[in-house]
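Multiple structures follow.
What follows is a pair of complexes built around chain A, which joins chain B in one and chain C in the other.
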Partner chain A sequence: MDAILALPWFDFTVSGLVLGSIYALMAVGLALIFGVANLINFAHGAVFTVGAYIGWTCAVALGLPLWASVLLVALGGAAVGALIEVIAIRPLNRQSRIAPLLATIGVGLILDQTVHMIFGANPRPLPVAMPAWRLTIGSGSVGPIDITIFVTGVIAAAVLYGFLFHTKLGMAVRATAQDDDAAKQMGVNIHAVNMAVFAIASALGAIAGLLVGIYYNAIDPNTSFQIMLKGMVAIVIGGMANVPGAIGGGLILGLIESYGIALFGASYRNLFAFSVLLVMLLVKPNGIFARGRERQAEPMTGTFVTQSKPIRLPGWLLVLAVIVAALVPFAGKPYVTQVMTNALLYALAGISLTLIAGTVGLISIGHAALLAIGAYASALLTIAGLPVAIGLVVAAAVTALVGTALAYPAFRLRGHYVAIGTLAIGEIVALVILNWTSVTNGSLGVYGIPPLEIFGIDFFSTTPAYWLVLGLVVVFALLQTRLLSSHLGRTWRAIREDTVAAETYGVSSNYYKGLAFGFAGFTAGLAGAITAHQFSYINFDTFNLLTSVLLLTIVILGGLGNVAGAILAAILVAGLPEVFRALAEYRMLFYGVALLLLIRFRPQGLLGSG
Partner chain B sequence: MISGALLTARGITRRFGGITAVDGVDLSVREGEFLSVIGPNGAGKTTLFNLISGQDRMDAGRVTLDGRDITNLAPRRMAEIGVARTFQHGRVFGNLSVMDNVLIGCHTRLKAARPRMPVIAPVVEILRALIRPASVKAEEAAMRAEVREILATFGDRLTPRLDQPTYSLSYANRRRVEIARALALHPRILILDEPTAGMNESETAEMQGIIADLKAEGRTILLIEHKLDMVMRLSDRVMAMDNGKVISEGTPAMVRNDPKVIEAYLGHSTIGGDEPAEASLMPEAGLQTAEG
Partner chain C sequence: MTFPVLTRRALAGLALAGALAAALPAGAETSGDSVTIGVSGPLTGPQAQYGELWKQGFDLALKKINADGGIDGQPLQYVFEDSQNDPRQSIAIAQKFISDPSIVVEVGDFSSTASMAASPLYQRGGLVQFGFTNSHPDFTKTGDYMWSSSISQSQEQQVMADYAVNRLGLKKIAVLHLNTDWGTTAKNIFIEEAKQRGAEVVATEGYLPDEKDFRATLTRIKAANPDGILLESYYSDGALVVRQIRELGIDLPIVAVGSVYSPDFLKIAGDAANGVHTVAYFTPVSPRPEVQTFIKDFTTAYSKEPNNFNAMAYDTMNILAAVMRQYGTTREDIKSGLGQISGISSVLFPKVSFDPEIRRVMGLEPTDLIVENGQFQLYQ
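Let's look at the complex of A and B:
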């Protein structure tokens, strides 16, 4: 106890508030955008990174003074934000609620890859001359950088307040946030409002990027998603569209992290953030500043899946496709066979995600977690001596159970909250794997995973491995198709279309969501386990957020809920970049552009949603 | 308390912030009775129905069905004990076919496909859906045959469109699908929330015929409706609401001639002059009474 009391709590509080100011800057932008455009801007983290690099260019490459750098970063950020609105959001014209969210994921990937191409993938220092004095208060101290960040945060908040409440455009923004249709009727130019909001939000995000760079004297092109997630946690704490709440949420998150690190160590930092997020979503989804039970809003129903009839492929074509696929190894190009094996593993995972995201309508951005659970389960069990064949099946069953249990908290969430919740769950799984060193070997990963071998039969060389995976894809595609034509298929779709109406007719939506997660978890766990045996090495980052996003892209490309579509899309998305080297080099750019074009021009996917 | 009441509600109250949307409402329906609830927009009718059918939670009050307390029961449980409802704005499953929409109404009755077993039920349910033993197939076939029968009561409105997704149907047809779905539940009490809202005259007349048939079958029906003509013709009893309270209750003729009801519909005549505010809502008979 004394040891805990003896910690430098003042310093932790200061660093918590500084960190919190940065989170607040991110969160304010996210809350503004959520309020006006009713969407979570997943590109906001990439804007943060762009801001950091514009800052580096101004402050280091050009040697400009700090105030000028901040100004230029704000202008640059605003320009990027306005561009995002014009290019990615406006053309969608409220197609379906999930479309703009997915579009911002695409934009984020494109921006990140652009930064990578210009500045390289490695972090770089961002030295900014600061006075050397520190103000000693009690046992702690405050430095000029702390004050700069905190003051910048306060000024930004004040300017924003002035804008929202004392300008005409600000009033238009508030009106649009309340009711965009009514605002439009009154002659408010919704496009201008949306653009202004994206510009302001992105200016704040970009400034946050510069400030973090100065604070740590380092900028890193790979932190976009992490920082965006922090901003998201902050707005969930503060209440999604609540701008003052976002500031409070940011500061609270900063303090929680700072104190948490003090007590438990730095490697748990993100675990706190995501645990807080999950608890908030479950206990107080309207944020801690919300009051009482509110009038039930018109429930979000049935617009996730674009209304379309799936294209039914004739049976002979499917049989022909399987035969052609089975003949791939005879082409005499082992590299192609390997690429196809990998693509089919994505297909297997894609089949499972299309059930969850398409048929049941739970847009999951954490599907990689299921693959990771399957991979670790099979790897650890077989290293401990279990035969690979049994390891695979047990791992799949474990994934079905654990995956369903982990996803259970997200079952009661609706709309965008499902995306946030599954994202948080996915990150928590990765962080538990990273920190549970005694079992998972932590950041070092698991080595020497036995090769694929089923009861003495070799499945590790290129051709047999390919056939095994192809066989599994065919089997699970058939099983899932059969399920979809049973009472389960219509029950799942009914839950997706209108959960309230389904419950009114006696459907226990949680139970049926659980069934879907169980079946999908089995499939995904198997895909992860086979991947582990193929790679012979896995770590916490083998199945990461990019994997989840890639799988979601595959599922949307194929047509949400469409089994054959998921397989076709997996071959296109995971196979093509490997065959064409130029695409592989700019893979993220390719995925981002593909996602953006897809949502814009063919939201129902190649083969139609089912 | 009316003897032999199937559904009884006492003192139902629901507040939204400072507004009391439903204020101490009592209601009871006998087996086979047809009760209509009328009232101007915002009177609290739909909120009342949402509370009775479990869509919303009441702040005070008690509801019983056949003597069993069903206050604030989850909608799913309500369905299981035989309460079926339609929604004011129509809530069909847009991407599902007409057949599948109505089959969802049979969900509470599925037995072969939905095992009642502890712990292993999920695995068994998936396996049964995959393997489809004879019992599951027979049950599914029987349900489908029954759905066709239900749909046949709507003439050739829905039967030719059995496999079409409901988003492609006309508004009136979607409302018909909703009623078919409710009937597939084999409800003990059928709650209809403005079944003819948004329908033209001939569609309304057709729907009125169908509801009259349902009444003739001896079903217990709770109806919210704006079209008073229809209410007056079909109801055994009518309840009028305004500002969350019951202002009149009794036979159609009694309620129709109650000055409080007329005032609620026409606005306060001392303020509004003699121009009826919502004349379109009043049937001919009601208007004459108001003027006379």
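Let's look at the complex of A and C:
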């Protein structure tokens, strides 16, 4: 206890506030957009990066003075923001509610990749002459840029607050946020309002990119996602659409991270951030600054699934497809077989996610966690001596149990909150794997995982491995299709369409959500476990957030809830980039554009959602 | 005249093609089927910058090798497949290389995860996997087709401990390390080596590669009251750490592992870099002619100074070319050749040879450096 008290708490507080003011600056823009568009703008991190690079171009390449750079960065950011609104948000006005969120992920990928292609992947310095004085506080010091970041955040929040609550245009913004149809009838040009909000928020995000770049004297095209996640946690703490609250949320997050590091060490920092996110969602979803106890209507309740009639593939076509698939190894191209094995492993995970996200309607951005649990369970058990075949089954069962238990608290969340909550759970699982060194070997990963074999029969070689995975995909696809046409499938869909109505009819929604997670966890766990035996080496990063996003893309491409669609989409998503390998550098761009076009023009997916 | 560097990524190669066509003397023309090396590495994704650095080193080396007649008259070339540093893709690439008879040896991948996932396939397929950034202690353990010219961690950490404890006299050291397989292994070995030399490690903190802010971590380190800080970092994160150490007013000696040795480290860390100790296996202050020629050629070709990754990539092509010239160009020739080759000189190693037992490079020669006036200087 004395040791804890003796820590330099004052210095940790200063560190936390300096870091927190960066998060706050990000959060203000996110909160503003959330307030109007009911949307977490996943492209906000990319806008931050674009701002940093516009800043570099102005301040370093062109040698402009700082004030001119800031101005141009703000203008550039505003232009990008307006563009995001026109391209990705406005056309999706009448579409399923998940559509704009996914569109911003697509835009983010495109912006990041564009920056990457123009400026290269290397981090570069951003030397901007700042006054040399530093203010000594405690045993450390803060410089002019630290203070600028903090002050910019506070001023931006104050000005925006004044604008929102004391000007006519601000009233229009709030009216649009509450009910855009009513606002339209009152003569508010809601498109102009939305565009203005995106422009203002993005200008702020871009300035944040410049300031933070100056602060670290380094800019890097790969920071977008991390900084955007922190901004998101900050607005969840401060209240999603609460602009002044975002400042508080950012500072609190900075302090939590700093104190967490003080007590437990640096490798726990993100574990704290995401645990706080989860707890906030469950306990105080309106943010800690919300007045009273009443629960505001959660944003985006109702289903995310675009209504459509799924395309029924005739039986003979499916049988033919399986036969053709089974013949792939005879083409004599092991590379193609391997790519197809990868694709089918994605398909297996996709079948699992389409049940959760499509049939039950819980959009999950943390599905990779289930793969990771299955992979680690099977790897550790088989290294300890269990035969691989048994390891696979036990791992799948473990994933079903652990996955359901982990997701259980998220069952009461709806809409956007499910997406954020599952994202947090996914990150938490990865961070626990990283920090639970005695079991998981921490950052060293698990090496020497036995190759795939089932009771002495080799399934490691390319062709048998392929057939094994193909067999599993067929079995689980049939099983799931059967379940979906039973009363269970109807119950799941009923919960998705209207949980309250379903409960009124005596359906215990938690029980049925649990069943869905159990089944999906088993399938995903199996996919993860097979992957582990195939790789022979895994670590905490093998199944990461990108895997989750890719799986979600697959499931949407196939049509939410559509089993055959998920398989088809997995083959397309995992296979097509291999065909276009020559264009390797543009691959992420390709994903981004594909996601955007898909959501815009065929939101129900290739085979229709069901 | 045959253009020697016909990679599939022709776009990037085109610019170089012009330069090469002009530079190649007519007499050293290569002809016949080319000898192809398969490279699996990141060209996109978060680690893409390393793929870029590799290509610069590879292209420069090939230009020279092919100007000298390639491999007995056959031009040497490489095919770069983008794995995004992702194991799913590196295993698919492995299948592609193994089944393509024109690939005689494979180079890469970048990280342990991506490389070691593919190792069992290369081992079964009988194709040498040559990893030059794979310092993971288990990398070469999959089988006798895994070879590495990456400095092994145990050698490197002995060097670090010698520098920090014996040379600088540090007794209470705080270690800040990347929380990756590389950084964690380095930290663990360093703690042992420091202990053997009579020093104590009073604090260890791991951070993830995408972290940018270290103030709280450093406050914690400061509270442990060390007399020096050791960084197991790469150059970009290492530079951020060093800057923030000085901004927090921590005035302790800093020793950083050799991977910070990069011009970008100096640029990003700025004035804060002054006084940082590090070691280099590749350094322009080295008088050896191999090093000086490399730096001159590299600076001419790319108008910037090379870093460690450029040098390692450059060496890799040269080592493999030397093996092929001496022992032949079949997959088996290269495997047995790597075990026999000795004494060739490269940028990083004055005399390259491999320990046939652990299949790792031998012959490390570190140079102790310190940053002064924004430049790496010999530490006297």
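Everything that follows uses one rule, which is that the second predicted complex is superposed on the first by the 573 of 610 C-alpha atoms of A that agree within 3 Å, B and C clash if a C-alpha of one lies under 4 Å from a C-alpha of the other, contacts with A are read in each partner's own complex, and residues count from 1 in each chain.
Convention: contacts are C-beta pairs under 8 Å (C-beta built on N, C-alpha and C of every residue); 3 or more make two chains touch, one makes a residue touch a chain.
Just so you know, these numbers come straight off a predicted model, no measurement behind them.
In the superposition on chain A, A:Glu503 makes contact with chain B only, while chain C stays out of contact range.
Once chain A of one complex is fitted onto chain A of the other, the partner contacts of A:Trp436 are absent, as it touches neither chain B nor chain C.
In the superposition on chain A, A:Phe165 contacts neither chain B nor chain C.
Annotation for chain A, partner touching more residues between chain B and chain C: C. By the touch criterion stated above, A:Ser536 is placed in contact with chain C alone, chain B being left untouched. Within the superposed three-chain model, A:Arg482 lies in touch with chain B and out of touch with chain C [touch as defined at top].
Contacts of A:Val339 after superposition on the shared chain: chain C is touched, whereas chain B is not. By the touch criterion stated above, A:Thr223 is placed in contact with chain C alone, chain B being left untouched. Shared-chain residue A:Gly120: touches chain C; no touch with chain B. Within chain A, no residue touches chain B in one complex and chain C in the other. On chain A, the positions that touch chain B within their shared complex are 292, 295-296, 301-302, 305, 307, 309, 479, 482-483, 486-488, 490-491, 493-494, 496-498, 500-508, 511, 514-515, 518-519, 609.
Taken together, the chain C residues at the contact with chain A in this complex read 8-9, 43-49, 51-52, 81-82, 84, 87-88, 91-92, 94-96, 98-100, 112-113, 116-117, 119-120, 124, 138, 141-142, 179-181, 183-185, 205-208, 210-217, 219-220, 222-223, 236, 239-240, 243, 247-249, 264, 267-270. Against chain C, in their complex, chain A makes its touches with residues 6-8, 11-12, 14-16, 18-19, 22, 113, 116, 120-125, 127, 134, 136, 139-141, 143, 212, 216-218, 220, 222-223, 226, 257-258, 261-262, 265-267, 269-270, 333-335, 337-339, 342, 434, 442-445, 447-448, 451, 460-462, 531, 534-539, 541-542, 578, 581-582, 584-585, 587-588.
By the touch criterion given at the top, residues 16-17, 53, 55-56, 74-76, 78-80, 84-85, 87, 91-96, 100-101, 103-105, 107-108, 110, 113-114, 122, 125-126, 129-130, 132, 140, 165, 167, 181, 185 of chain B touch chain A in their complex.
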